Amino acid sequence: MAKKLFDFQDGEQLEIPVLIKSADVRIAKNGKKFIAFTFEDESGQITGKYWNASEPDIERFQTGKVVHLKGKRERYQGNPQIKIYQLKLVDAAEQDAAAYVPHAPEKKATMQDELQSYVFEITNADWSRVVRTLLKKNGAKFFEAPAAKTNHHAFEGGLAYHTLSILKMAKSVSDQYPQLNRSLLYAGAILHDMGKVIELTGPISTTYSLAGNLIGHIVLIDEEIVLACQELKIDIYSENMLLLRHVVLAHHGLLEYGSPERPKIMEAEVLHDLDDMDASITMMSTALQHTDAGEYTERLFAMDGRTFYRPHDKPQSHDE
Amino acid sequence: MAKKLFDFQDGEQLEIPVLIKSADVRIAKNGKKFIAFTFEDESGQITGKYWNASEPDIERFQTGKVVHLKGKRERYQGNPQIKIYQLKLVDAAEQDAAAYVPHAPEKKATMQDELQSYVFEITNADWSRVVRTLLKKNGAKFFEAPAAKTNHHAFEGGLAYHTLSILKMAKSVSDQYPQLNRSLLYAGAILHDMGKVIELTGPISTTYSLAGNLIGHIVLIDEEIVLACQELKIDIYSENMLLLRHVVLAHHGLLEYGSPERPKIMEAEVLHDLDDMDASITMMSTALQHTDAGEYTERLFAMDGRTFYRPHDKPQSHDE
Amino acid sequence: MAKKLFDFQDGEQLEIPVLIKSADVRIAKNGKKFIAFTFEDESGQITGKYWNASEPDIERFQTGKVVHLKGKRERYQGNPQIKIYQLKLVDAAEQDAAAYVPHAPEKKATMQDELQSYVFEITNADWSRVVRTLLKKNGAKFFEAPAAKTNHHAFEGGLAYHTLSILKMAKSVSDQYPQLNRSLLYAGAILHDMGKVIELTGPISTTYSLAGNLIGHIVLIDEEIVLACQELKIDIYSENMLLLRHVVLAHHGLLEYGSPERPKIMEAEVLHDLDDMDASITMMSTALQHTDAGEYTERLFAMDGRTFYRPHDKPQSHDE
Amino acid sequence: MAKKLFDFQDGEQLEIPVLIKSADVRIAKNGKKFIAFTFEDESGQITGKYWNASEPDIERFQTGKVVHLKGKRERYQGNPQIKIYQLKLVDAAEQDAAAYVPHAPEKKATMQDELQSYVFEITNADWSRVVRTLLKKNGAKFFEAPAAKTNHHAFEGGLAYHTLSILKMAKSVSDQYPQLNRSLLYAGAILHDMGKVIELTGPISTTYSLAGNLIGHIVLIDEEIVLACQELKIDIYSENMLLLRHVVLAHHGLLEYGSPERPKIMEAEVLHDLDDMDASITMMSTALQHTDAGEYTERLFAMDGRTFYRPHDKPQSHDE
Amino acid sequence: MAKKLFDFQDGEQLEIPVLIKSADVRIAKNGKKFIAFTFEDESGQITGKYWNASEPDIERFQTGKVVHLKGKRERYQGNPQIKIYQLKLVDAAEQDAAAYVPHAPEKKATMQDELQSYVFEITNADWSRVVRTLLKKNGAKFFEAPAAKTNHHAFEGGLAYHTLSILKMAKSVSDQYPQLNRSLLYAGAILHDMGKVIELTGPISTTYSLAGNLIGHIVLIDEEIVLACQELKIDIYSENMLLLRHVVLAHHGLLEYGSPERPKIMEAEVLHDLDDMDASITMMSTALQHTDAGEYTERLFAMDGRTFYRPHDKPQSHDE
Amino acid sequence: MAKKLFDFQDGEQLEIPVLIKSADVRIAKNGKKFIAFTFEDESGQITGKYWNASEPDIERFQTGKVVHLKGKRERYQGNPQIKIYQLKLVDAAEQDAAAYVPHAPEKKATMQDELQSYVFEITNADWSRVVRTLLKKNGAKFFEAPAAKTNHHAFEGGLAYHTLSILKMAKSVSDQYPQLNRSLLYAGAILHDMGKVIELTGPISTTYSLAGNLIGHIVLIDEEIVLACQELKIDIYSENMLLLRHVVLAHHGLLEYGSPERPKIMEAEVLHDLDDMDASITMMSTALQHTDAGEYTERLFAMDGRTFYRPHDKPQSHDE
């Protein structure tokens, strides 16, 4: 199998096709233009600078294009980067951006099956109907979308993968604390971030839509629930529907984080905790994978700018 | 015309019918029960304690009942209260709670006419149709509802009156700053607090509904806009509708105050400013009306617990 | 089996032995003294006021005494309380305070066995030795202590019960995220709150010791770990020991909550999340047990003063 | 009429005289010096970099000089800038910096007249005398000064223009809420920012004076009021003068924003609201003027770093 | 010498003349009025409640009156209070409130002498002249005023005593850090709180004046400095005078604490530190004097509500 | 005596040996590498950039090496820097890094003597023994370590010098306020920052150790006190030892600053105040030494990013 971006060591030369995830044209201190690239393939993302860029270069090497990259992997201020020797557009026939996008560790079909098994356990008819209606309406995008633009699960299928991780913990927690309403927790978990299929533009070169900026994914999915109720002739002001909407609206936990209400029922609080925990474990793990033992990760913006230590695999005495 | 609660001076005796706005049964330090009343008529609200309450008293004197109150107005820790001599239920035939509720300084019909004149100035067809649809659906309650449970405009018609005050300022501001989109500002102003007809239970003994507690009036009206669009076949993701929803969703200005998004367009910021200004002028004015010149108001909870000084009507040298 | 405090309904008369958990002598507004009691038995705690207390009464009915309580259960401002008819000290021979203290839902022996099974899974020798040393040193108190003075798990065995709940979740989480160091998570979980056996005075009439006030349970257990290392000849500055101490020191998550360091390794962050989640589920559940369906709990101080809604058991349409 | 800086499109070449508003000498990554200029004429400000600057260049092209600028307008990271082809000093005879400074949309004489009409409406003799005394003392500077160094109304006459905008709104608000003391509101509005004539150094290359840095414009004008009273033999501790000083001192609304007291009278609160509203409308409008429809403004530092969306002029369906 | 309030032990009977420092009329839960007194003599302050107060009692026993108090000292919720047996007005001839007010530990003349010695060390002529002018103008009140209404140094002469404590530390600090400008530090220390002679109404029944509420002592003394300069023909915008005013204006350290500027010169920062330190040592010492060894003080409001532990005088093993 | 780094003026050429304190290799915008140096000798630190660095250069000029520096002192954006002409490694024989490190203004022996005199005044036997034990154990490092990595006292011997400054003030303060426990204050002052000998790696190229990052100097010294007690057979839970540990643990004053407890005894509060004051005076003084009269220092990160003004040495009228 062909080597990928992260199969190369520092100092090693590479010559492989990659996707241009972003291309910022900037002006160097010598007055000439250069392009700050982020390249991407299934193994992850890496940056590289293209000096003395001509106008045709700028025209040619745009976001979303697949290019043959010839260069050397280096390390700069602790982060890996590519020293670019040469860049060439891949033939139009091979311009298949989707093939270079990182994706969730599980296949789409597997995730669909797993999710279905949780839907079956929603015993409340109203919640079940709403969940199935919205999965049907948004399913295609739901299993492709990333869970975020940059922070966590920022890969194809990331939204579904993040949702499934929460559902797995929700299962353990419901087993351990039987006072929780399992159906409500599952229904809330499945819907909580589904508004992101409207908020974000998709897995390739993800950005925020106008609806995402002006309304936000939390209210966007709440609106979709209300429209689904309308279609299914379910009273939107019945206690059941208020509970489900509340769990979804409150899942950011704090008003400062964009929830219009703080959790006021137990399942809302628990969903918030599980969402937080999966996001933070994922962010720490991803950062630690790119960090050597005995070193600290880069600062994680979404975790208050903290940096995390990667311990050695085997015990260290304090003289080492 | 019969004297009202606030027509009596401190120390004066009174004997008038009033509405029981709230009745809390508590236990005195001597082990006996007493009722802490808030009485209300059109002139305002005042508290009074009913000592040694018997079980039949408690049964009889409940929230929402009209009673003949015999007592004396006193002042306790700076606030007026009634020393109760006697309390009797008014005959069933005269139990007309609505007649004792304070109401907006303007009549309902007048407010309806005024509001209509602003609706006419909304030149954008989509916004106009949505506004008219929701006014039709919620109109009856909209012109009766208070604007808040306790803070500002907590009287019958308060919601419409507050809305009109904002519209008047919105008119001045749009005249002065022509770069503002007048239609959007008017449409946003009319809808911004309309969710309160669902959030609050009405002008008599106002409390929060479950929908109010779990969803909140900001998202409740957003949902109603979406349903109205559905009915009117207006695309909810068109820029126009995103702008209108954003203006409404962002009107609390800060996430901490329950808006799921901060203002991201100019009209949203301005609506927030006008809403704040009308609420604070109203709260200060109401408190200052009950304060003597040279004295300070009670602490206003919704204004960070500040207290305001009422200046003398004519100049004071510093020796006075 | 004899009825307990929480087996009686509002309005029902009771005549049972209970423990005086606290007895505050106060002066009533009529100038006479009264005692504000909190009574306790295995079913929970309830308050009651004893009016016109004589000096001998005050002398007699002190914290830690068992009394025959004759009275009636009432509800006052939403909370249950006892109207006291008569109070008599139980014979000296029957003065067994410990028999009236609420205790964890699981027996001590069961909890000891369960905990042992987690200790077995700590595969790192140093951590295992330290954990076993400290369990041996503090074991007696550890399985009796409450987890807090008032907030959560404030009952006999509460500390061990809370620790076990965290361990159960730690197991699920370690299974789901294999990148976590299971041994470190288990060792940290077992020790994280063990300092409370020094910070708090025990299950009966729990208060803070001077060590608890001046040092706090977080640093107290850190010191114990260091002393254990000294005894076991383990280098306190080896990476292993720094990691374990860090997990324990950082478990409150934020400096503002008393941790001298924020989590800087993944297991510290996860332990903090699990600790938080178990504490909040327990606080919400306890409060909701005392709340009727369709009502809100009292404000929970340790959850930012929030109040939680108890949904109805079966679906409610919005007309009910 | 000659074209100005903002009359050129991106990509268009220009050759016009401009003022050097600021000139920072920096060292490029190639070790050579360059000058980062901000050029200015009546139409606004724009930046440009001058590479490989020689020592004579640095000597010649200093802040406050007028130069012939030959170059091309470009766009860099969303902001317009000038690519400099050539720079030449304008002849000494034509070195008239003042002619290139942006100024308020209204002429000085017009603003003086308008302001006078508000002064006439201050019916309280003391306030009127103090206002007229200070206008006389600081008038020349008052009608030339900017309202801020960079944020809002940062142009010649900006202080007076901002003051007049507030007065216009103060008029509408006083008409709508007759409980406000119009004279106090007008007097406070006229004086509120007058301390800036001492705090800032004037419209060309504005910086903070030592008095501005150590005392601040709020206290500086308060001191001037006190000195005026002294001169006019008005008792500084009379209620009238305390009220006026309070309105001025409290106009930033919060202690955190530099007011030594929060508003404690109604007019102080309202002046603060109007000041805020005019400043924010002006900042948003200015930023939106430089933004294309469908795009977002740059981040506005003085509005919590927010960015604002400029809607399309005609309706957009969600497919566009 | 006659025994004073704090010469009596708990449980001891007393019969002495005292000053009524405050007298709040309240309504007891039995519907009758009572007076909540704070009594005062040179030894300190203590509270007591007077039950079933008649209207003549209320008329008679007002703030500022000297009364013969017969009663018993008791302890209530940790604080001492007086159980009142009888209260009688002292003869008009003996109504000398000033004799019962606590005063600074040093005599007025001594404090004046000490202060003078610091004034002599102010070597800068301008600062010296301003300080001497303001001491002359406000001297009488300055040596009588308390330093605060309730928090620290709330006794006759407290302002001067607090000022002297700061000066003593300022001397040590200037000796230790010769880079500090001693003259500026001394001048700033003497003036920093002098505005309190205008802000507060004097040592007996201290309250805030209108000037205190609307302007605040920080700006009030700044204004007085400016007026003194005017009188002395010193340029108020000279660097010297800006420095002195800045030191005074910035002495609360943070904008949130009412300083319109944060310290921007070294002496301002140091004065703030010394002011804080003297205030907190004084508050802690006063509270600890009323606390038994091994106990905690009441919560100190002005120290973030903290409570402080009073250690035992001789070593305690941990078994005691 | 040979001239040092800070003996040269801007524009002056220099040719002296200096230590490389840090050497960051970066990539210039022209794609070539350069080294950003911080040079250091006893007179202080200064930066300089070495363009077009070859790989052998990078190999040769590393942190900790002594080099012959030939260049010119310049000023860049207000800060001094060196324009490098030539760089050569000093002969191996002369590679004595320690000779180029700035050190405390007092000699080590002097500081040891002074410190000893304070130890003698600790009259409590337990505190004295613990202090002497830990001084003996850590003494060598204690008199060499800096007090911080970059902020204040970041020079050889800085830790001891900072400790002595606090002790001197502690003496004055104990003299002035005899209610303070002098022994406790001295013992706490000596130990408060001693954990930094474990937290930091030493005076040359100071960084944080893993123990410093995961445990922090506050808890590290607390642990050392506990181990010392163990060795000395002093009960760690005796009141004396709890007090000493508390004073040390609480010396950062606020939980947010890393103290696990806020000060709860008077001496802890005072130690915190003195520590803060010495640190801030030192930071301001150091920054002001590098600032011209009439100018402002660079922003001081550890003082909330504030900048401080350096007044002129002789009076300035406001025209200058």
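Which chain is which? They are A, B, C, D, E and F, in the order written, and residues in each are numbered from 1.
The definition used in the following text is that a contact is a pair of C-beta atoms (placed from the backbone, for glycine too) under 8 Å apart; a residue touches a chain by one contact, two chains touch by 3 or more.
Which protein is which chain? UniProt says A, B, C, D, E, F = HDIG domain protein.
Keep in mind the model is a prediction, meaning the values are calculated, not measured.
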Shared chain contacts [subunit C and subunit F, defined touch]: A, E
Touching both subunit B and subunit D (chains): A, E
Reference interface C-F: repeating pair among B-D, A-B or E-F with over half of contacts shared: A-B
Separation of mean Cα positions, subunit E and subunit D [Å, integer]: 44
Separation of subunit A from subunit E, taking each centre as the mean of its C-alpha atoms, in whole Å: 59
Numbers and ranges of subunit E residues touching at least 2 other chains: 28-30, 210-211, 213-214, 237, 239, 243, 264-265, 309, 318
Those chain pairs that satisfy the touch definition: A-B, A-C, A-D, A-F, B-C, B-D, B-E, C-E, C-F, D-E, D-F, E-F
Subunit D to subunit E touching residues, read off their complex: 198, 210-211, 213-216, 218-219, 222-223, 226-227, 230, 236-237, 239, 242-243, 245-246, 249, 255-261, 264-265
Interface residues, subunit B side, partner subunit C - complex: 24, 26-31, 210-211, 213-214
Subunit C residues within the subunit B interface of the complex: 28-30, 34, 49, 51, 76-77, 309, 318
Complex interface listing, subunit A residues touching subunit C: 124, 126, 165, 168-169, 172-173, 176-177, 179-181, 235, 237-240, 243, 262-266, 269-270, 273, 276-277, 280-281, 284-285, 288, 296, 304, 306-309, 311-312, 315-318
